[in-house]
Amino acid sequence: MIVVTKPDISDERIEEIVQYIERAGVQPHVSRGTDRTVIGIIGKADPSLAEHLRSMRGVEDVIKISKSYKLASRDFHPDDTVIEIKGVKIGGDELVVMGGPCAVESPEQIDEIARLVKAAGGQILRGGAFKPRTGPYSFQGIGVEGLIMMAEAGRKHGLLTITEVMTPEYVDICAEYADILQVGTRNMQNFDLLRKLGTIKTPVLLKRGFSATYDEFLNAAEYILAGGNPNVILCERGIRTFEPYTRNTLDLAAIPSLKTLSHLPIISDPSHGTGRRELVEPMAKASVAAGADGLIIEMHTDPDNSMTGDGVQSLFPDQFAALLKDLEKLAPIVGKRFDTPKAPAEAFREWKK
Amino acid sequence: MIVVTKPDISDERIEEIVQYIERAGVQPHVSRGTDRTVIGIIGKADPSLAEHLRSMRGVEDVIKISKSYKLASRDFHPDDTVIEIKGVKIGGDELVVMGGPCAVESPEQIDEIARLVKAAGGQILRGGAFKPRTGPYSFQGIGVEGLIMMAEAGRKHGLLTITEVMTPEYVDICAEYADILQVGTRNMQNFDLLRKLGTIKTPVLLKRGFSATYDEFLNAAEYILAGGNPNVILCERGIRTFEPYTRNTLDLAAIPSLKTLSHLPIISDPSHGTGRRELVEPMAKASVAAGADGLIIEMHTDPDNSMTGDGVQSLFPDQFAALLKDLEKLAPIVGKRFDTPKAPAEAFREWKK
Amino acid sequence: MIVVTKPDISDERIEEIVQYIERAGVQPHVSRGTDRTVIGIIGKADPSLAEHLRSMRGVEDVIKISKSYKLASRDFHPDDTVIEIKGVKIGGDELVVMGGPCAVESPEQIDEIARLVKAAGGQILRGGAFKPRTGPYSFQGIGVEGLIMMAEAGRKHGLLTITEVMTPEYVDICAEYADILQVGTRNMQNFDLLRKLGTIKTPVLLKRGFSATYDEFLNAAEYILAGGNPNVILCERGIRTFEPYTRNTLDLAAIPSLKTLSHLPIISDPSHGTGRRELVEPMAKASVAAGADGLIIEMHTDPDNSMTGDGVQSLFPDQFAALLKDLEKLAPIVGKRFDTPKAPAEAFREWKK
Amino acid sequence: MIVVTKPDISDERIEEIVQYIERAGVQPHVSRGTDRTVIGIIGKADPSLAEHLRSMRGVEDVIKISKSYKLASRDFHPDDTVIEIKGVKIGGDELVVMGGPCAVESPEQIDEIARLVKAAGGQILRGGAFKPRTGPYSFQGIGVEGLIMMAEAGRKHGLLTITEVMTPEYVDICAEYADILQVGTRNMQNFDLLRKLGTIKTPVLLKRGFSATYDEFLNAAEYILAGGNPNVILCERGIRTFEPYTRNTLDLAAIPSLKTLSHLPIISDPSHGTGRRELVEPMAKASVAAGADGLIIEMHTDPDNSMTGDGVQSLFPDQFAALLKDLEKLAPIVGKRFDTPKAPAEAFREWKK
């Protein structure tokens, strides 16, 4: 940590700051420059020291050299984390594809989509039972019933399941039915929810807040890790910018950047990341080329009539299958492995749009 | 609502869309242009219709003409909402000032600060008992004890109190001790918290999410209003931009804009909105000039040693008192009223920094 | 300047960096911390040294403590710069108001608007002869003829004039006719234009790029100052954010921030900064309350038929006059002076919208 | 085009707007809704009509259905544009790689780098002779001499050349020496420069402004096309966001989006787009996977001592060669072709970092 002082600071004030640092149990090293004096701090300081120093008179800036997160950092854990769930490994050399509708709507809908996800080569079924919606009058999901329908469809077709959990009180029931719990972009800093997820062992897919920095994203992961749950999967899903054409701006540099900063697996969500069906395929491929460990993709058999209106970004089943075929060829070029069933074409014939 | 079709849409597909709209119980009006066909929709449509239409093949865009929020809209409620709490009116011609520390630290601290807020002319004491923090290792507030200390200090010095609530399960206890409950910027779309706040009558100060649009902000307010609690106060607290000098970019145009779109009171937070003590005074004045109904300002007797490190943006007591004296002169020019005690100078002599 | 090294750097590499710094003629001070080694640099380094160091292997970051601009910095020039043009002082205790149409359209139009600006109390007439337009098919201004019309209108009504210059080759002719030259937001980093403006003495109003940081803004001013023209006026005109309701987000904290960092005068443009007529008045007042030295405001006698379509953000003459009356009351509260003519009401009777 | 009126508009005002539209030579179609009246406009309107209508009283919004650019639009030109320069085709099924230093520094430097670009399989040599720099005290390029050095190196090694032009007066001399002229991000809306480039036939690589929307980007291209130069290559190079870790946020969704909106070739700049050497390789691959027609990549033999300090984002020659080997495998998966020389390893042995 480095304290930069204001140009007009008095020697007395520098001395007070130095003594303050010493009382905190770390060592100050004063260097006087042409314009300013800087005070380097050596030793493991309490995380709040930087904040206190920044608020002291005479201090212009405090620059942290060490990171504020520990367990999420690659410095702390140099090897890639690989999370294994019933034989599916996330974060290793296998590419993982999660597919499914925005919302679970009926047993028939989720069963049919699960069949198609499996036939195309996906390993995990996604689907929302509880939906966070911008306005109170929009469809909010069908709740626990949806969890049950999705668990049944996953079991039947041999798929893991992932679903979003929005509030601490629903964590236990969601964990009972789903293999992976998802924290949505709006809840990335819902700290009580993160703390609750730290108390279980179910893997958590943590979506980046749509205006969160990498540092804040890893600090959010740190809440879950620090609570005792080591199974965190990061997910880039687009950030908010001034560009109106796309729903969000998918920040693919986040993938190699977070791989450098952290050991956690990271997947990409090209559906929410673009908000446009025709962009899902190129951005899915780009995500894998950038080093993603997996993808989460919306697919629907009848997007025109999806209950959430997110159909606009859902692939049709045949598009989903074709994309997975391409990923099978692309994956090896970036050191990953992905296998699709030999003859899935039959399964998708009826779904040509 | 207006549906814009793609240039190459077939007549059959237009007919299908028209029938879909009719089945939704509203009237489609088709106009064929040189490039595209547009379908105007007349009648009160279900909020999800736009989303469904947007996801249909052949549709390029759906433009909403009516707003998605109702109770928060000025169209619905043309007169300004004025919220009265124990004689203090928020949203009328009285300017309201909320002052206090980032976090309640001890009975002595909050009592002394309450005395100074009152002496300067403030009407409401702010202070955090539960603190949302980016990282899990930072100070998280002293909890319920802090609520009790603040309630006692408010009562003793004749001030209303406001405190942040972070999770649905703490709403009831916070409402027992505080006069106003604050929803922080990271929780603006914590929909379960908003729904819970809709079930009580305690006024809620809702901070704008740091990347929320006006439309999303008013939809968040709509959650509380739709639940049955009409007492919502909006708060502009800065948005995230690319500028690193300030902690956030205080968007003051939000004040007159939200006054146009909504009838709810709106106050400004120049402390979090800038993150720099020396910018609080000019931006507080600018907020009032832009039409704010009030201000929420951090003030601390010993910012160097504040427990959260937010001291860097806290005013010293004498700065706080001087600002309020200036606001007394400024308020009448924009049609507001604000009175400070006749001779507060004594109270602040000892606090000159 | 401080060099932060990577955690795994070798002693040999540190020594190479140290020698590199010494060869640049400045002094390195090495401090070894728990995680990393930092190298402080003392002495006046060449501006490119930081860039070179940042690109060296083993270097994680280079933190500049001194600013990259000098002549624009308040450290270099502690007193406020006051620019006097024919008796009008910009940057002192006088508030300056520039008013006029987006584009000069005809001798009659600019003469009538000049008369109204003067009657309302404005000191400077604005008007565009050369217009930067997003698309090539939009109206691009009437050129030199417009300069002549505006100069004549200014002379007749006793107003200074300001106009935008877009390219180095037009600087001389614009300077012949106008008292102040404006650099538009899209040209803030048109370095050849800035360099040309550094060779004359005509005052330059430099608009902030719509995505420029304060640091880049002051570096752009530095180009003009370094060329030999000390007469630079800064102008905040809004930045681009994700909010669609306003055309830009007027960053009023830029005003006190730039006053701290620099000695140059700064004015505000609430017309382009909001893009909505009804927001101009509150944001003009807020700008003055935040410490602006002046305002540049679009006013038009017939906004419905303005040639650029910027009429949507132009005030009607009576709104302009009423705003200036209010500014007369507001200015003294923030230490400024502004006088409007005793009885301007007559002049505006016919212009009530 | 659709005009949305304010809720409280009078019938008389609607009639005035209707007549105004009719006088503009197009047809208004009025539809009265529950809340508002909308007026659809049919026929080819003058581009300024929307702007005029937006500024009229009683109008809330004007929504353009047709695009403001024509020649750049895929509607106008359905087939992909392929630009052929001395046998190299940009925009077809060949992937194009431009490599070289940020700035030309000496004949030896550019000759050596040209040799390595060729050996690795690149087709085009990049290098700056005129450099746009944020501050006036940074290295500004070596000028015309650099153009000559680069032309010579290109000729000798069989590479096309590309260089940046910053001002209209240098267009002709740059076009004499280079095969492609580059417009930098800060000059995307330097309209006089764009107009000048429209008068020649030399291909222009137009970089997206770092805060430009797709619509503004294509309007900037339209300036060049409308002037008579059909040879425009678009380049995504990152936009400015709040994320500090990367220099810019490379918006790869721009690639398939611009391919949908326009027929022009588009390439990606992962060097400026990330500002970090270690991110160039994954983002180069992701760009190709997203559908880019080519890449422009910084490569330097001695990044530690590059004159611009951009060495931090320059690849070492062996990294550059290894990346191109990988692209050879990746290209066919997305329908492109890219060939590297059979045995380049020798050429790079000495350049292992």
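Letters A, B, C and D mark the chains in the order given here, with residues in each chain numbered from 1 onward.
Going forward, a residue touches a chain if its C-beta (ideal position, glycine included) is under 8 Å from a C-beta of that chain, and two chains touch if they have at least 3 such contacts.
According to UniProt, the chain labels map to these proteins: A, B, C, D = 3-deoxy-7-phosphoheptulonate synthase.
Keep in mind it's a predicted model, so treat the numbers as computed, not measured.
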| item | value |
| --- | --- |
| From chain D, the most remote chain by mean C-alpha position | B |
| Duplicate of the A-B contact set - from A-C, B-D or C-D, the pair where over half of the pairs recur | C-D |
| Type of chain C:chain D copy interface by residue overlap (half), same or different | same |
| Geometric centre distance via CA averages, chain C-chain A, whole Å | 40 |
| Separation of chain C from chain D, taking each centre as the mean of its C-alpha atoms, in whole Å | 28 |
| Rounded Å distance, chain B centre to chain C centre (Cα mean) | 31 |
| Contacts with 2+ other chains: residues of chain C | 211, 240-242, 244 |
| Overall pattern in which the protein chains touch one another (line/ring/star/complete/other) | complete |
| Complex contacts: residues of chain A adjacent to chain C | 2, 4, 7, 29, 31-36, 38, 40-44, 63, 65-66, 75, 240-242, 244 |
| Residue ranges of chain C touching chain D (in the complex, touch as defined) | 47-48, 50-52, 54-57, 68-69, 132-139, 166-169, 186-187, 189-192, 195, 210-211, 216, 219, 222-223, 226-227, 240, 303-314, 353 |
| Sites on chain B touched by chain C in the complex | 211, 213-215, 239, 241-246, 249-253, 255-257, 260-261, 273-274, 276, 278-279, 282-283, 285-291, 326, 329-330, 333-334 |
